[in-house]
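Structure first, then comments.
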Amino acid sequence: MSPVLRLLLQRLAISVLVLIGVSILIFFIARIVPGDPARIALGPNASQAQIDALREARHLNDPIVVQYGWFIRDLLHGDLGTSLYTKRPVAQDVATYFPATLELVLYAGAMMILLGLPLGRLAARFQRRWPDHVARLLSVIAVCTPAFVWGVILQLTFAYIWPIFPLEGRLSNGIDAPPLITGFYTIDALLNGQISTFFNAVYHLILPATALALSGIGQTARLTRSSMIETYRRPFIGMSRAYGFREDRISRRFAFWPSLIPTLTILGLDFATMLANAFLVERVFVWPGLSRYGVEVIMRKDLDAIVGVVLVIAAMFLITNLVVDLIVSIINPRIRLAERKAKA
Amino acid sequence: MSAKSSSVAWTEFRSNPISILGLILVVFCIALALFADVITPYPEHVGPIGDFTAINQAPSAAHWFGTDTIGRDLLTRIIYGFRLSLLMAVLVLSISMPVGVILGLLAGYLGGWVEFVLMRLTDIFLAIPPLVLAMAIMGFLPATLTNAMLAVTVMWWPWYTRLVYNVVRSEAREGYVLAAEVIGASSPHVMFREILPNCAPAVLTKLTLDIGFVVLMVSSLSFLGLGVQPPTPDLGSMVADGAKYMPDAWWLSIFPALAIMVLVLGFNLLGDGLREAFDAEV
Amino acid sequence: MTSVLKIRDLTLGFRKGRQTAQVLHGISMHVNAGEKVALVGESGSGKSVTAQLALGRLQQERGTLTSGEIEVVGHDLIRHPEAMAPERGHRVTMIFQDPTSALNPVFRIGEIFTEVLRSGGRKVTAAEARDRALKALAEVHIPDPARALDSYPFQLSGGMNQRVMIAMALANEPELLLADEPGTALDVTVQAQTLRLMDDLVTEKGTSVLFISHNLSVVREFADRVYVIYRGNIVEHGRTDQLFANPRHPYTRALLSAAPKLIGGGLPDLPEHSDAFRDPLIVHPGCGEPHEVSA
Amino acid sequence: MKTMTRLGLLACSTAMLLAAPLAAPLLAQERPLRLDEAAVGEIDPAKGADYADTVLGVNLYEALVYPKQGAAGVQPWLASDWTIDGLTYTFTIRDGATFASGNRVTADDVIYSFNRLMALGQGPSSLFEGRVDSIEAVDDSTVAFTLTEAFAPFLAALVQLSVVDSKLAMENQGEGEFGEFGDYASAWLSSASAGSGAYMTQAHDPQVETVMVPNPNYNGAAMDPLAPDEVTYRYSLEASTVRALMGRGEHDISSLWLPPEVLKAMAADGTVHLAAEPGGTGEYIMLNTQRPPLDDVHCRLALTSAYDYATTLQLLAVTDDMAQGIPMNGALPKGLYGADLDRPMPSQDMEKAREELAACQYDPKDYPLDIAWIAEVPARERLALLMQATFTQLGMDVKVTRTPWALITQQVTEPDTAPHAIEIAVSARTPDPDSLVYNMYSSTVPHTWMSASYLADDEVDGYLEAGRTETDPETRAQIYRDLNARLRDLAPAIYAYEFTGVYGIRNGIEVPNLEEEGKLYPTSGFSMLFKDIRVTD
């Protein structure tokens, strides 16, 4: 087995354990709170008989550990319960709304990497000179401003005062959603050859993705900068300079790649922050995603739906970390080639 | 880790104008919060009492930041919002930090099953984005100030546990710890007297940065309507409530938004300055 | 006789805030073509900064104050330090204390080697680069050069990495090789082996070497001429045989008497400080600086 | 990295360039109508409960009867006429009535719909609970209901019985607990419509929007030739978003819940006009009659006297001649039996409030008062804060809590956990006062958000029962007037004001039912018939 694969399997096993832990945590929090879930689920007009029937049907009279067992069994059957908010199965809601959030977060993530890394690299290369000061100031402001404030500011500026971008939604009124394949409108539109729908979807993504990405861009730039400054102090950069490697080659290659390893690990966390900040941004831009659904179900004490949303987001976060681990292990030859060293 | 003495750190800190700016902002915000009763032009507007004859007024000489939807002076409420944000941040951190630090010490120093259990628990907490976990907890509890703080506290300690754990793991191999163990010092002694002081720069730096981030988190919760309840002045809910009146009454959300920015920025710059000065890994 | 390195009355200071820390107090030295010269002193004596100045790098940093003259392969590095940019890695190269940490851990030896061959903007095709690298590695007696090129530094032993380093240092046929505590981080026998290998090669190619070292046994074995530096001042200068046979400066004597402790690397124990260490420069016969001779 | 960055920039800039001309919506339809509601839309008529659900219900489905336009009572709708014989109500289904599927509307569809409503036990089912003894098909187009006992509000209640296409529903039903009826197509009907209304669903997402197109088989009341050919009913838009969309001409009719300032600002832009939908909804500040100190009527009267009615109305003003509320002088909004319009409107009287408080057995200082307001309706915060300010002057310790609606529905099931006071809007669901006050004040109903006063008064119960069984309209009206008087004396609520829905309507859209004299359907939501709306540009 290759070391990368072994590492991944190891991480996967840990992730599954963690996910089980998360499910226990969230399940118990949901059950110890005041209020009878059956009564909440049935709404104000329910009779005592209806409530008793539901308590029985959902095993609410069993000990909590047994209830957790039932919960896991249903979970494995893809049954997350029913949402009070949409009156549909939670699993169906999650499947409907998650792609929108994921699409938004992935675009924001791409912006974070494409803009944050170069900005941080630039700051490190020109450490303590003006590009550094500008980059640092921009990134610290980006980090210190909550995503919802960016949302409000961007919407006000670029959709209201200068109506360059759409105010809200995933597609303009009158443009139909592309046939469902992945749930990502941009990808589905391309797969179906609907170029104008693709651009319309991208056009709608720009403002919310930017609002979501800004603090990530700042964070990435800061991390990249400090990681690269650390790298610049290492002897192999001294060697590169002594051998006359061009400064921008060092900055782009010889200092950049080693710095990426610690940066990437933390970028995984930033991605998680984005999943959370999507809750704020989707609200501002009326983005029909899982986060907006999450806010609504939380406001309504829709227990099954809350548990479902948190589990999905935790799973997403763990998958992100797995992907990050994979990328790091590919970039970092020490992990990739661990076996060869053992033999040598 | 903490190779630099505090005087060297101070010299270094002082030489960085950005850090000084952070310090000034922090002192400014704290001063506003402390002396809110004296400074604010309309201290009676902190509560529900407004002036229904002066609703939604644009910024003017009488109301520098305008008035809100029930005629309260926005500047007054923002200054009290500083007080509340800072108070919440301090309370949240004064519980989550010690808990996290002690658990991190235990996990890192004792190892074995203690380490396994604590660190897996930490992983579980860290596997859910903090805001989502806090929101979920708030989803199950009534939205009150206490519960909001509780929710944030519950999700904050693991960060300190992990930080201290990592420091301890590297410090435990250091000579002075081995030396202390060789001469037969007790575990608590080694943990608290030998290792803890060496975690201090990292923990303090993180603490400073975290004040900003707790403010950010709490205001995000409030923005979603899950945190502080009216009429208590809170910056996040002011932004959310004001956003409904955009763009006509822009001041309602722009000023509180800027206030959050300034507050978080101050602690961030200060924290960054400390990090560089102490060379601390956070 | 041409000097590849010529330093005259060189001072160096670092400004920090309103204070200036003076590191070099007006040193003069030279390295002639094909000559192996050692600069000996404790850490912090100013020997490493001298190497950095010779690369033209340190004077480009902000807060660095220099005066005097420093001329390397014909370039005036006080006025035009940037002139060194295309020469680094070609006419002047360097070898380091710890070869493994001096090689970038996330790139293969081959990639680093190619970069070295192309440094200063020289056009070298990939095939050509690999060819030259293989030859260079063969010269330093690396058993399987092709495999080494495809390896990462951490996959090779320290000795192998030092050979790679030497191959890189000599691949572009430099005129001056700066050896900053070469191989101090290595095992003593490995260090000795690689130094001998280097010595053979530089002798064969006629490369000048500036050894920067605190290790007197290394200096005694490999250097033709020695400068002893103490706190930013050259205190004694002579041919290796003269200096070791007849150390005249109190500091040199103290160093030599401490020598047994120093063999095998490691940080030198500071010889006990004495005011006598501040005595003026002593130059052994026949060893004057070029400008003094011509003057 | 370098190439990636360039690619990214290239992609972004290309997207911007190409997207700009696409900014204008590509309208496939000639007369689109876009409107929004604060809540989530439920298109299953057996589950619908609130305003948005009513609007969806009346457009997608037809009931046997419909509120009279511009008057009290009901008119023929899906039923062309009916006869009442003692406890039996017999309806004849309109000739040629057809579902969107092309199926004819038959008596069996009515029976299926009624049984389905009662089996699911949600939405408007409580209007009929225990009242119908049997329902049978006399022939294909005649259906007869037999009641268990006299029930005067029955006919009016039928406006809430939407008739579902039973053949289509049964083709689409899933597994469920209802035997041969499976799940009563519960899942399917929450995602598609199966009615005979003027419109049918094209797409439905409860969190986003419902898209409706005209029903090609519709043969009910005439449809305006300029009626929209595509209706998008959107959910949960922020006030600022609606305002901006309307400013750009990308939205046509706002929800009812915009703060007055926003409506005012929109109207001032000159691209939007306002229209009001008065009637049928009371704004009640329900006082918890089971918790001290409000279990003492004098304490309650102190609050009703201290309440600042004038400022309330001032806060609801949108423009000089339009407001989101009008004064209310009792438990019944105008337009319902028993609402007496001659009585003076209440006003703040602090003197009287202090007297009542003195007569109250409790010292207000010992009992902190908690007032809740519904988080979903931001404008109510002001009224809660206004109460806090006013009641504090009486020496009371008042706490205000923002509570999400779902939590309120949960809290109110127990008088002990319910707040002392909470402002709730209650609408008559049918054009009959019984649909409003019975659920609010009868001591026999389970505790719900409508009955958060927990009143238990024999005299009130007596009036309520009498109102149900009495069929003579004039006597009934007197019963409700007496009830109203009694409810003023008992003060189970502060009758704060009567809610008036104010819509912002984009110029170019005409809503005659709201804008023309005498065309209003006085029951909340029933005027929003898309078939009557004109899209003129």
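In order of appearance the chains are A, B, C and D, and numbering begins at 1 in each one.
Here is the rule we use: contacts are C-beta pairs under 8 Å (C-beta built on N, C-alpha and C of every residue); 3 or more make two chains touch, one makes a residue touch a chain.
According to UniProt, the chain labels map to these proteins: A = Peptide ABC transporter; B = D-ala-D-ala transporter subunit; C = Peptide ABC transporter ATPase.
Quick caveat, the model's predicted, so the values are computed rather than measured.
J.: Where each step is a move between two chains that touch, what is the least number of such steps from chain C to chain D?
T.: Between chain C and chain D, the shortest chain-hopping route counts 2.
J.: I need the common contact partners of chain B and chain D, sorted by label.
T.: Chains touching both chain B and chain D: A.
J.: Could you let me know which interface, A-C or A-B, is made of more C-beta pairs in contact?
T.: Between A-C and A-B, contacts are more numerous in A-B.
J.: Quick check for you: compute each chain's CA centroid and the global CA centroid, then name the chain with the smallest gap between them.
T.: Chain nearest the centroid of all protein C-alpha atoms: A.
J.: So which chain is farthest from chain C, going by the mean of the CA atoms in each chain?
T.: D
J.: So, what's the distance in Å between the C-alpha centres of chain B and chain A?
T.: Once rounded, the distance between the two centres reads 23 Å.
J.: Give, as an integer number of Å, the spacing between the C-alpha centres of chain C and chain B.
T.: It comes to 51 Å between the two C-alpha centres.
J.: Using the average of all C-alpha atoms in each chain as its centre, how far is it in Å between chain A and chain D?
T.: The answer is 38 Å.
J.: Residues of chain D that contact two or more other chains, please.
T.: 238, 244, 375, 404, 407
J.: Among the residues of chain B, which ones contact at least 2 other chains?
T.: Each of 225, 243, 246-247 in chain B touches at least two other chains.
J.: Enumerate the residues of chain A that touch no fewer than two other chains.
T.: Each of 160, 283-284, 299, 301 in chain A touches at least two other chains.
J.: Going by the touch definition at the top, which pairs of chains touch each other?
T.: Those chain pairs satisfying the definition are A-B, A-C, A-D, B-D.
J.: Flag every residue of chain D that touches chain B in the complex, lowest number first.
T.: The touching residues are 238-240, 243-244, 259, 261-262, 265, 311, 314-315, 375, 378, 381-382, 384-386, 388-389, 392, 398, 400-404, 407.
J.: Residues of chain B touching chain A in their complex?
T.: Residue list for chain B touching chain A: 18, 120-121, 123-125, 127-133, 135-141, 212, 216, 219-220, 223-226, 236, 239-240, 243, 246-247, 250, 253-254, 257, 260-261, 264-265, 268-269, 272.
J.: Mind pulling up the chain A residues that touch chain D in the complex?
T.: Result: residues 35, 39-40, 43-45, 47, 50, 84-88, 93, 96-97, 110-111, 114-115, 117-118, 121, 159-160, 163-164, 166-168, 172-175, 196, 199-200, 202-203, 206, 252, 256, 283-284, 286, 288, 292-293, 296, 299-302 of chain A touch chain D.
J.: Going by the contact rule set out above, which residues of chain C touch chain A in the complex?
T.: Within the complex, chain C touches chain A at residues 55, 57, 62, 85-90, 93-94, 96-98, 101-107, 115-116, 119-121, 152, 154-155, 168, 178.
J.: Going by the contact rule set out above, which residues of chain A touch chain C in the complex?
T.: The touching residues are 128, 234-236, 238-246, 249, 254, 257-258, 261, 331-334, 337, 340-341, 344.
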